[in-house]
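Listed after this line are the structures, all set down as structure tokens.
Both complexes below contain chain A, partnered by chain B and then by chain C.
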Partner chain A sequence: MRRTLPITFALTLLAGALAACQGGGNETSTAAFDPATCQGGTLPVLNQSGITHLDPARLYTSGGGNIPSLLFRTLTTRNRQAGEAGAKPAPDLATDLGTPSDGAKTWTYKLRSDIFFEDGSPITAGDVKYGIERSFAPELPGGAPYLRDWLTGAADYQGPYKQPEGITSIETPDDKTIIFKLSKPEGDFPYLATATQFAPVPKAKDKGADYEKHPVSSGPYMVESYEPKKTLNLVRNPHWSRTSDTLRYACPDRIEVTAGLDSAVINQRLQAGAGADANATTTDANVGPEQLAQLGNGGPLDKQVARGEFPSTTYLAFNTSKKPFDDERVRQALSYAINRTSVVNALGGSAVAGPSTTFLPPQKALGYTPYDYFPAGDAGNAAKAKELLAAAGQSNLSIELSHGNDDSEGIGPKVAAAVQDAFKQAGVTVTLNAIETATYRDVIGKPATQPALALSTWGADWPSGGPFLIPIFDGRQIITAGGNFNLAQYNDPAVNSEIDAINALTDPAAAQARWGALDAKLGKLALVIPLTHEKDVNLFGRNVKNAVPDGWRGQYDLSRVSVK
Partner chain B sequence: MIGYVLRRVAGALLVLFGLSVIVYALFYLAPRDPAVLTCGKGCTPERLAQVHAAMGLDESPVAQYGHFLQGLVAGRDFPAGPDVRHCPAPCLGYSFETDQPVTKLLADRLPVSASLAIGAEILSLAIGIGAGLLSGLRRFRFLDRVVNGLILAGYAVPVFLIGLFLLLLFCVRLQWLPFPQYVPLTTDPLAWAQNLLLPWTALAVIQSAGYARLTRAGVQQTLAEDYVRTARAYGLPERRIIRSRALRGALVPLVTLTAIDLAAIMASAVLTETMFGLPGVGQLLVGAVNQIDLPVVVGVTLLTGFLVVVANAIADLLYAAIDPRVQIR
Partner chain C sequence: MTLLRRLFDDRAFATGAVIAGIMILIAVFAPLLTKLAGQDPTTFHNELLDSARGGVPIGRFGGISGEHWLGVEPGTGRDLFARVVYGARVSLGVALSALALQLLIGVGVGVAAGLGGRYADAALSRLTDLTLAFPSLVLAIALLAIVPQNWPRPLLLAVVIALLQWGGTARITRGETLSLKTRDYVAAAQVSGAGPWRVARREILPGLAAPVLTYAALVLPSNMITEAGLSFLGVGVRPPTPSWGQMLSSATTWFRADPMYVFLPGGLLFLTLLAFMLVANGVRRVIDPRQSEVLR
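For the complex of A and B:
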């Protein structure tokens, strides 16, 4: 929302003016939460942007998403635990997390026997296979790209409409067994199987692009009415059963999503809690400055806030194939010069962002290993930076920094100005180059148009070191035609083979240690300057119970909250 | 009269045709590819090429514009997975972003915008003409000053500030009204009006200022005319002079402005719509521009153009009714 800035500012002023006359909120009940007795009521969800496509083939989610996961069960799903315990997958449609064989190149899943679509027909392995095949259709773009790369011989597959024979590397020997044949070992397959592309789709009900008008539910809720980017009303799916799905509590009888609201208004409504708003939640409005100021002092709003962390890093990306960033000393100098405190402030303060000196965010599941090779302290080490620049013969360095043209994604003008200011202390002149946010990734992802230095963010598609490090540092992932994320243009065969070796591990604990060590090794090269990691602060209405942020997505999970 | 209508219709069609050509041309001049946004993160070049073809973007811009015109006149078929979707004339295509027919998107959102625009205009005119008359007649110098001051203040405050103030006052502090959400007039007229009351007020605070100033100037100007002096000399009651002379003269410019404002609110009250959570045409347009959603941008532009043309035509007819000196030929 481009208009948020003045609106937020105005709201801060007005809220301050009116705060003096506001009464206190109701006390939240402190009784222990019992999923067996939480059923009933209507849960309103107040959101900024609506779901553009409700088609499981087209949704790009981490861990199956928040709202989509109410409708779509997948082979596996996130386990919905709080904190670090929540960064793990759990079986959903499948009976377990899958059986690897052939060195993690083959994954076999058995489906549960008590799983049904909303029309009562049983869910078969063929339905899961068909759902995956649909996501390859160019008519249904937008989903996560991994399967095209991972499945043997699937790169050129164009979906069941053009090629009804299907993908040969997915086998369904019987109705309850599905086998995936991969072109290389992938120990993270159980994590990927949480994506909505692994939701079953009954072929007889597939209407192509119009399927999303009423996608057939396998989860606790089904679509009553849906208007893209406006409203989504969900009611109970009579053929879903609590015994077959213990992860989703499915407390409310009804869920009503309203989209297209301003984030300042959403937070104001959640705080005020007038009428039905006392039961309301949001899945995409981060708390604004006017509420942040009222948090943490024991006031009533402290009982209406969920604080989590989605693994995500904001960083400066060097293009090491371009001068002057081909010189390691220049990259090191700028790493010393950075002022992470001012970047954190530009993002909204320490409540919503924390300083990072590692590329991996501070989640254990990703293999976080602390390091700080170019200590910049809180405010930057300009002296050390000047020294290194002089040694590199770059004492009067002038560089250009590219950034998005709005601040909504944390890579906008505010953060760029903070970076510009820090580098100025080290005698480096920075000119800013704003690029339209909608096409930002497209511009920096094409080596032909990629700037030498760009602000960027990276979030984990699942909580493991692989999806964090591979796209950014695997030299074989450099794509020259576009969609490239290896902005450093870094290609080291030793690193590539270490990535392959870790990918073959099926024990997450063993993989974590190796990903952490790899991150620390890459950190020494100063290919990027890590700036901050994300913190999520979301409000909920005062009657909402069990709004606990899960360790996978950092937000409270709608499948577990109650308004009874 | 028939000649007049034909000329107006031909002119309107020409304007709309020109608008669509300009929007298409601008779209293809800008270095942005909607398929990139549709394809999503991690889209490989091969995949992008497939998506390009599926969206019909692999054809030349001229061919695409040709298809668009054909759809407008005769309807079009779109491949969509197992079935083919038929889009009947007048077909504006399917949104790149949401895959919905543009005509449906417009039809869904026009009632919201029309409700907002018509209510806001009625309120603005009532306040504006009333205040303008009060100050224009200069009966009370003090009142003139006060009204003028208030009007200018209203005119100067941005709509999102007024909107937020109204929301905080009536929905949060006093809780007299629920936070607005659109309820169709046909579903519940009372809830419709109740939910739109705040957005109408917010817009009226700003709009009425212009109307009041126009009315004031018009009334003052007309009252200085010779024919008013003559009427006074003939001993016509002052009430009648004001009603049928002064007000009538002031109404002519007001009609033009109202017509343009009405069309403008329908298409571009995006701040008001976002503030009050109204899914109107303005929100649709801004979202579409950000997402490089050409069919929706063209659709909204044509709709806006159409509304302006119609509003102007109605304004011209009203001129003739109000001012006997104007004749339609």
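For the complex of A and C:
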């Protein structure tokens, strides 16, 4: 199973997107906002990157993405509320979140009757099934890997172009019913069904790799023009109706996405708000120091900011199969020595990052359970670290730390230098090994080339403990061919079976408690040193209303903002 | 003595020389100076940063204080005086070592081409042209990216810069050698039985000193720019070793929030380059009056 992308995706989000107050504080004035009368105007979206692909099979999103979600409705979707309420799925094309049976190994969905493509033809269960089958085609790479792992007999499916007979474990007994048969219990299925792979694709309109030039819309907007990596113009889809979709307000008449801008430029334009920029938004530019200096003092910029939190952790990954990190005392010593304040500052200060002593980020939906087994305090506990190193016979320890060669993904030279300085206080000499960011994941994700100590990040594919803990700590997920995320090389059958047991739970509250307990249990082993969790601060133009960060993605939702 | 006097009569040269001299002294005595300031270039000072504001230094002008003479670096709190002073070491050290190597290769190739036969001249001259034609910055980035991390970085930078930019020296040397070769005293040495090696060493090299020295004074600042450029692009010296180019690179996101952080490395780089340019111009004017007309 290739899992190269979850992180990349999370980072993309982080880099630009999220704003976050835990608990969903909304600092914008929404008094004047009324979804009933919000229609009209043009919404510019100023982005650094993104819109590389527009094929729902190729997108890797959390909760269906921000821009993609304007075009594609999915079986379920994130429910677009602020705070904790936002970390839940809601029905979209389906009438409910799905009915589990056979111990959560079978999931049955009924489709709504008032759903149409942009050409007016009704959306059927077969269209949803076809959309999923396309995502298995090697011609359309890039999507999340979960379906291949979960669906019975789908591991070797090559997509509908090579195997038109389709996936037998997805059944469509009639036009409005779709049934998924899984090889193992997966209580999180309704969360996964928010991904764009669950968007309907009409077989007659499928042009393979060229489909993304004009994907057929099922959402409130459709593509007017699209130039990959540069521009995407969206206009209203006449066959979408508000009565069939209460989550997307779809206020602007027109949405114009521009990509390829520098984040500093985006933030300056949003702040200055000249001309059309007063209506502008961004989904991937986090604020920089220039704006942070003007925030929080009651100035005008305070009304143009959304603070959210995308569940994501930056951490130091030990390879416990390599010396000296096979010795638990060494790992503990370094856990004591770490200076999280330096790391927070290296990432841009306390507005955009917070210190983490747990691997799970501090969202209740993920099962966050506080613990701090190796208290390092604000500045690191060098004395305790030295003591442990002496006990391990490693008083003059010299180690190498691998990191990305640029800071764009938050695992670059700045963070590495902060770690280096902290370890130096404990008498540990750290040499830095910069690996090109583009190939970083490939190098550390292949056990043959994996360094002994590496900076890494992990973001949530959906707000649950499973997609956060399983790839990192499930011993059956150690992939020797590459794309491995179990960097600790940790394989404990007891942990693996606990993971299976939690996966079978369909009650999120019960699962949360178990994931939290599992994280706390793993934390004692010091397999990783959690460093920080992400916070996200996004600006928007001064005319933009209802820019409320949702609890799933931490950024404001384009389907709910208004510029009227 | 008269030469020096003539040089220092030129006010521009004098200013440049004094500044350049100070910079070199700073670089040489960097450890002493930072010890004097009671700081070192790599220790983090989180208590001096306003973390909520993105990590800008607390206090005016980038946190200038009695302890931190030039303030601290935003995001880390490392002492800027210490970093700037150590940065001078990298900047000048790399530029000077690269220059030495460049002269060695350039003069060697140039003299060999000038004195060698037709074929040797053709081969070496084409090789020189080839080096000059290469987009050296791009090549340097590629070279530095593939070299193993544990190689000593400053030395590597010097070697790469030298290997890519010896062409100018070689070309000037060859031209001079060709013109010197026709002088009577060289011909005299040759007919009296001196081999090419002796001719090169005894007759040609002394004559090359003036033009090569002049050219070297121009190449030095260009080396500094290359080093700063490579460090700016992230393929220069490795953190935590400070370098001006690297500081400039990380300062780009801070130029409004903490202007001091941009002005320090930028201003110093500018000042040092200007100083060396003034020196180069002065040297050229005095040693090589023929060319000063052309270049003025």
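Criterion: the second predicted complex is superposed on the first by the 532 of 564 C-alpha atoms of A that agree within 3 Å, B and C clash if a C-alpha of one lies under 4 Å from a C-alpha of the other, contacts with A are read in each partner's own complex, and residues count from 1 in each chain.
Heads up, the rule we're going with is that a contact is a pair of C-beta atoms (placed from the backbone, for glycine too) under 8 Å apart; a residue touches a chain by one contact, two chains touch by 3 or more.
On a predicted model such as this, the values are computed, not experimentally measured, just so you know.
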Report task. Look at A:351 in the shared chain and tell me whether it touches chain B only, chain C only, both, or neither; answer first, second, both or neither. Result -> second
Requested in this report: Answer with first, second, both or neither: which of chain B and chain C does A:418 touch in the superposed model?
Outcome: second
Report task. Using the superposition on chain A described above, determine whether A:145 touches chain B (first), chain C (second), both, or neither. Result -> first
Query raised in the report: After superposition on the shared chain, which partner residues are touched by A:292: those of chain B (first), chain C (second), both, or neither?
Result: second
Query raised in the report: Now for A:102: first (chain B), second (chain C), both, or neither, which partner does it touch?
Result: neither
Query - More chain A residues in contact - chain B or chain C - result: B
Query raised in the report: Which partner does A:207 contact after superposing on A: first (chain B), second (chain C), both, neither?
Result: first
Query raised in the report: Just which bits of chain A does chain B share with chain C as contact spots?
Result: 264, 436
Requested in this report: Would you tell me which residues of chain A are touching chain C in their complex?
Outcome: 264, 288-290, 292-293, 296, 339, 341-342, 344-346, 348-352, 378-379, 405-406, 413-414, 416-418, 420-422, 424, 431-434, 436
Report summary line: Given the complex, residues on chain C that touch chain A span 42-44, 46, 49-56, 74-77, 145, 149-150, 234, 238-240, 250, 253-254, 256-258
**Report entry** For the chain A and chain B complex, residues of the former touching the latter
**Finding:** 1-3, 6-7, 10-11, 14-15, 18, 21-22, 52-53, 60, 134, 137-146, 148, 155-156, 158-159, 161, 206-212, 227-230, 258, 260-262, 264-265, 268-269, 272, 274-275, 277, 436, 438-439, 441-442, 471, 479, 481-483, 485
Query raised in the report: For the complex, which residues does chain B have touching chain A?
Result: 32-33, 35-48, 50-51, 53-54, 79-83, 85, 97-100, 108, 158, 160-161, 164-165, 167-169, 171-173, 175, 178-179, 181, 270-271, 274-275, 277, 279, 283, 286-287, 290-292
